[in-house]
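The first chain written gets the first letter, and so on, giving A, B, C and D; residue counts start at 1 in each chain.
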Amino acid sequence: MALADATKEIKRADLLQMYYYLRLTRALEDRVTALYRQGRIVGGCYTSHGMEAIAVGYASALERDDVIAPFHRDMGAFLIRGFTPGEVLAQYLGKRTGPTKGKDGNVHMGDLKRGVLGFVSHLADNLPVATGAALAFKIRGESRVAFAGTGDGGTSRGDFHEAMNFAAVRKLPVVFFCNNNQYAYSTPQRLQMAVSDVVERAKAYDMPGEIVDGNDVAAVYLASKRAIAQARAGKGPAFLEFKTMRMHGHSEHDPAKYVPRELLEEWKKKDPILKAEQLLTQLGYGDEASFHEIGERAKKEVEAGLEFAEQSPLPEGQEALEGVFATEDEVES
Amino acid sequence: MTTATTQSEVTYLEAISQALDEEMTRDERVFLMGEDIGAYGGAFKITEGFLQKYGEWRVLDTPLAESGFVGAAIGAAMMGLRPVVEMQFADFISCAFDQITEVAAKNHYRWGAAVPMVIRAPFGGGVHGGPFHSECPEGWFFHSPGLKLVAPSTPYDAKGLLKAAIRDPNPVIYFEHKFLYRRIKATLPQEEYVVPIGKADIKRAGNDISLITYGAMVHLALEAAQLLAKEGIDVEVVDLRTLVPLDKETIYGSVCKTSKAIMLHEDNKTGGIGAEIAAQLAEECFDCLDGPILRIAPPDTPVPFSTPLEEFFLPKASDIISAARKLAAY
Amino acid sequence: MALADATKEIKRADLLQMYYYLRLTRALEDRVTALYRQGRIVGGCYTSHGMEAIAVGYASALERDDVIAPFHRDMGAFLIRGFTPGEVLAQYLGKRTGPTKGKDGNVHMGDLKRGVLGFVSHLADNLPVATGAALAFKIRGESRVAFAGTGDGGTSRGDFHEAMNFAAVRKLPVVFFCNNNQYAYSTPQRLQMAVSDVVERAKAYDMPGEIVDGNDVAAVYLASKRAIAQARAGKGPAFLEFKTMRMHGHSEHDPAKYVPRELLEEWKKKDPILKAEQLLTQLGYGDEASFHEIGERAKKEVEAGLEFAEQSPLPEGQEALEGVFATEDEVES
Amino acid sequence: MTTATTQSEVTYLEAISQALDEEMTRDERVFLMGEDIGAYGGAFKITEGFLQKYGEWRVLDTPLAESGFVGAAIGAAMMGLRPVVEMQFADFISCAFDQITEVAAKNHYRWGAAVPMVIRAPFGGGVHGGPFHSECPEGWFFHSPGLKLVAPSTPYDAKGLLKAAIRDPNPVIYFEHKFLYRRIKATLPQEEYVVPIGKADIKRAGNDISLITYGAMVHLALEAAQLLAKEGIDVEVVDLRTLVPLDKETIYGSVCKTSKAIMLHEDNKTGGIGAEIAAQLAEECFDCLDGPILRIAPPDTPVPFSTPLEEFFLPKASDIISAARKLAAY
């Protein structure tokens, strides 16, 4: 099989690292979910459970200098970019040590120094923004790439269209992806779009598109590598559709009764961690024992992070007034 | 309102549901559009059961595209239907801003086409929603001629104003406060009623100071008024209910009686509705005024997420109390 | 030739009527242009010169009960819908007898009674609106169709995407068209989109699309008939790309130096009136003399209209205050 | 400003061109985006010749998609460039509203990312543009924390404020008045200068009444002030220049001197910037006031097309004169 062959090209260390990030993502989000159920997290709580391979795969395929505009189920990308579990948990708990200092919650994080554009709730809003980052790279002649995504639902927004179109016209170095988990909140794909594959949408921009098994971290990684290489080579944007399934409710409060149980059963078998373990085993890169060890390491990191987050201070009320405007010294002028 | 045989208490949220249900039953032109309002019953469950009752063409789950479905509502309204559109959160109304201000608001003025539609916008903070799930966008639309705006504070008003909004021949934005959804209850009259658009309501009569507000802040105002009463400061709480058109008669009447005014709202201070009312008072009731017109509103920042930040941001009873004391001493 | 055959299916009277409307459109817009050059028209002045076949063709293909959302170069559609040259000129001159009573200018006209949705400057804004009209037809089970268009430039806007998508998902009876005249103001198609045919954009919605010679009124008419029939039969929306060329500047003030002269020379030969005359001659429906006679009739109507418009009163200043809100009695409640 | 060897007179429009040209030469991070700004030089010809001089990657013709290219400007700004985006008409800014208010305005507050960019918005009426080519959208953005807004009234200010806007580390909306483009001229200093954001300018000193305004209305104010001077009413004309942040010091200083204030603007009256300033005065300078705070602004309608309607709609010198007389007699 072509894919199986190709995965041999991925370095052992890289694959193992991706596996580690799959486990770290899972452990961290399981912890978040538990905290939410204990009432210790207020506000929204969106996880990537069962979809971790997407963010882990694409973020692993990028270079340090590249910029990402993650989607709201891309925790793995934050982790790979260096956001620690402690920072993430501090963010969830509204602590001053979170990336937004308590100004915003949950996955609404970003950090220019780590090349992560902060998520904006308004879905697809960050696609034109990432396109603009790619425009900057092109204007300056840099060999950097932007990588930006949205969900199946988000592809219905006008900003998706305007970003895709602009990027295609100017052949900008940006890779767009859609995290197609078959539902947008409760809305099934058939009420969201008339095409059966989101990738069809790329045809309107003469943009190359590819359908990828979103639960296979190696497939995501390799497809991302190809698209990134094309964009970096100046051949213009590309579109990737990562097929997957949302295994929880939209947010923790949603029991997702509108999803047929069989669908979940079916996809449970395709769990990205399971899939990665099968691959690693097949390639002789790991076994039960080493998987267990990595899982434990991830959990420990999360627990250490939680301790950090819990011990971190909340912001003081009047900090609400800070930061509306940037000051001269923050940007070179 | 005539007294009536009463039903059991309903929440603010249930009052909204009831209004939708009654209007859909009364008038088959009324239909609903929005994200996840069908099988799921809406993010806040306001339309739970509606899909089963009215079918998928009157309870229409839309693609995730606010500009598109608001535009579609405008078109359907011009063809004689009465669409009621749900924003999942008021914050996302920014995505439909162009359709609302340039198409819906101006069609009738420009070429005489009435656009009878309602946009329901669950707004406001105090729910740990952060910058994108707590916004108060009414200030933008307040400054857009051609739109009517309402913002009920009680279950009674919520039901009556929504029914009035649906029957109005113009585009109406209905600001429903998320914080109030399940926090307040009231017994509603069993017979039909409508709360007319354009009428403010004195929620507490008083002689010393007019406290002019709307939405969730009405409850804060009443709370503060009660505490101030103990100090002998008799506050009149004016609940605007309708933001456009403003009920100048009631507002001016109250201020000319008390000679002192405080504006209170949850929307950002600068350029908020309180500014307009203060300006009107300073222009048209100047001679009635016995002191400065004070404003209590959040600072000019987005709504922050973390609890201490959001608490700092939102107006508090103590803010009202100190403003009232200051004014009373004037 | 298939098209030549098909045009035989168009009734002689219908074809002659379309020819008349081509001439009426041309005569009216030539008059508007002349007035503009005399400084008697203030504000913008957009004409359909060389593109008249599009509006005349599609508007002729619709039924009385159908609704159109015309584009800013669709004067023929207004005329076919019963807007008189007098009304149109009154509109241009800001008179009270224009369809907007002086509230708006030029092609910003509409009238629900005549099934015309008023044009909104913000391009593509009326596509979701027309989609909503089609939704109303579907909800009420009426056999009516909405017909709505934009330019090649307008297809880049998010509202184009959101409208096309919604219509496709719900299989609404709406036909979208793009009046592809190769430029959006000064912007050539290659800076507007990456695809070489606008019709490619329809693929993103699994919507049938067709490329049509926009300068051939019979071709426009027949393609519109087909698309309308499909929509009316409940088979969902369709997309038509009318290929044409803008023969003047964007507006009268624009000399359009950015358009290669050869392109204009080439397209001049394809003038829609010329083409219609060739067809009519071929079918034996007309000759030089009858064409001349029809042209004169059109010009006379325009002159009579101008007299009406000139004699019409301007609005009084305080009428500016009227009409912000509709009153109860305007709509049944 | 230090006096300088002067060049020939330039129009308001040329002043804007000069600012862009100088900033693009000074700082290679500055680049332009918008519809038809390249080969065509922009709908108003402000960037004529720029494409030839700076190339197609610094003078970028965009697809017709305001949300898309404003979003792209935000991204490029965060990557360290200094985009200047042109709206073909300010009216179309509604299409980019969401990107401006939700992304550009909030990024720094939310996660510390500075967004140094400028949106040029040719605004205002008096040009027979009708409802979609005459709008004054500043009121909406005035009420959106995180944006700076400027609106120059003279060639000098137009140039200096645009340069300041480009150098500012925040998103700035630059409202340039279409009516002034070719109607006013001035001789500008030859050496470089910047007009700092946040400073109002007294365009005419006076002792009796403060007339507070901005944009094209400054010229109407000066005209009226001259006529009023003949009647012995000495009007001070305060040109705000910057709308956010407001120069409270200058505004309050003027009003505390004259004790009387009139707000004048071309944006719709209700919820306009005049309301906010009036509210601030009524709150913070109440004791200085010797009369009501008057507002002169168009009614709450879209901008109508036909000449008599638009003339009725726009403020006139006679409106100012009667307001000033009324206030002087107070």
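Basically, a contact is a pair of C-beta atoms (placed from the backbone, for glycine too) under 8 Å apart; a residue touches a chain by one contact, two chains touch by 3 or more.
All of these numbers come straight from a predicted model, not from anything done at the bench.
Interface comparison, B-C against A-B: more C-beta pairs in contact at B-C.
In this assembly, the chain whose C-alpha centre lies farthest from subunit C is A. Centre-to-centre spacing of subunit A and subunit C amounts to 45 Å, using the average Cα coordinate of each chain. Averaged Cα coordinates give subunit B a centre that lies 41 Å from the centre of subunit C. One simple way to say how far apart two chains are is to compare their mean CA positions; for subunit B and subunit D this gives 31 Å. Taking each chain's centre as the mean of its C-alpha atoms, subunit A lies 37 Å from subunit B. The residues of subunit A that reach two or more other chains are 100, 103-104, 108, 120-122, 156-159, 161-162, 165, 169, 191-193, 324, listed in rising order.
For subunit D, residues that reach two or more other chains under the stated contact definition are 62-63, 65, 67-68, 91, 94-95, 98, 102, 106, 109-110, 131-132, 145-146, 300-302.
On the side of subunit C, the complex with subunit D involves touching residues 42-44, 94-95, 100, 102-105, 108, 120-123, 153-154, 156-158, 184-187, 191-193, 258, 314-321, 324. Those residues of subunit C that touch subunit B in the shared complex are 67, 99-100, 103-104, 108-112, 117-118, 120-122, 125-140, 146, 158-159, 161-163, 165-166, 169-170, 323-328, 330-333.
Listed in rising order, the residues of subunit A touching subunit C in the complex are 156-162, 165, 168-169, 190-196, 200-207. Of all the residues in subunit D, the ones that touch subunit B in their complex are 91, 94-95, 97-98, 101-102, 105-106, 109-110, 131-132, 139-140, 142-146, 244, 263, 267-268, 270-276, 278-279, 281-284, 286-287, 289, 291-295, 300-302.
Residues of subunit D that touch subunit A in their complex: 31, 57-58, 60, 62-63, 65, 67-81, 83, 98-99, 102-103, 106-116, 145-146, 148, 167, 169-170.
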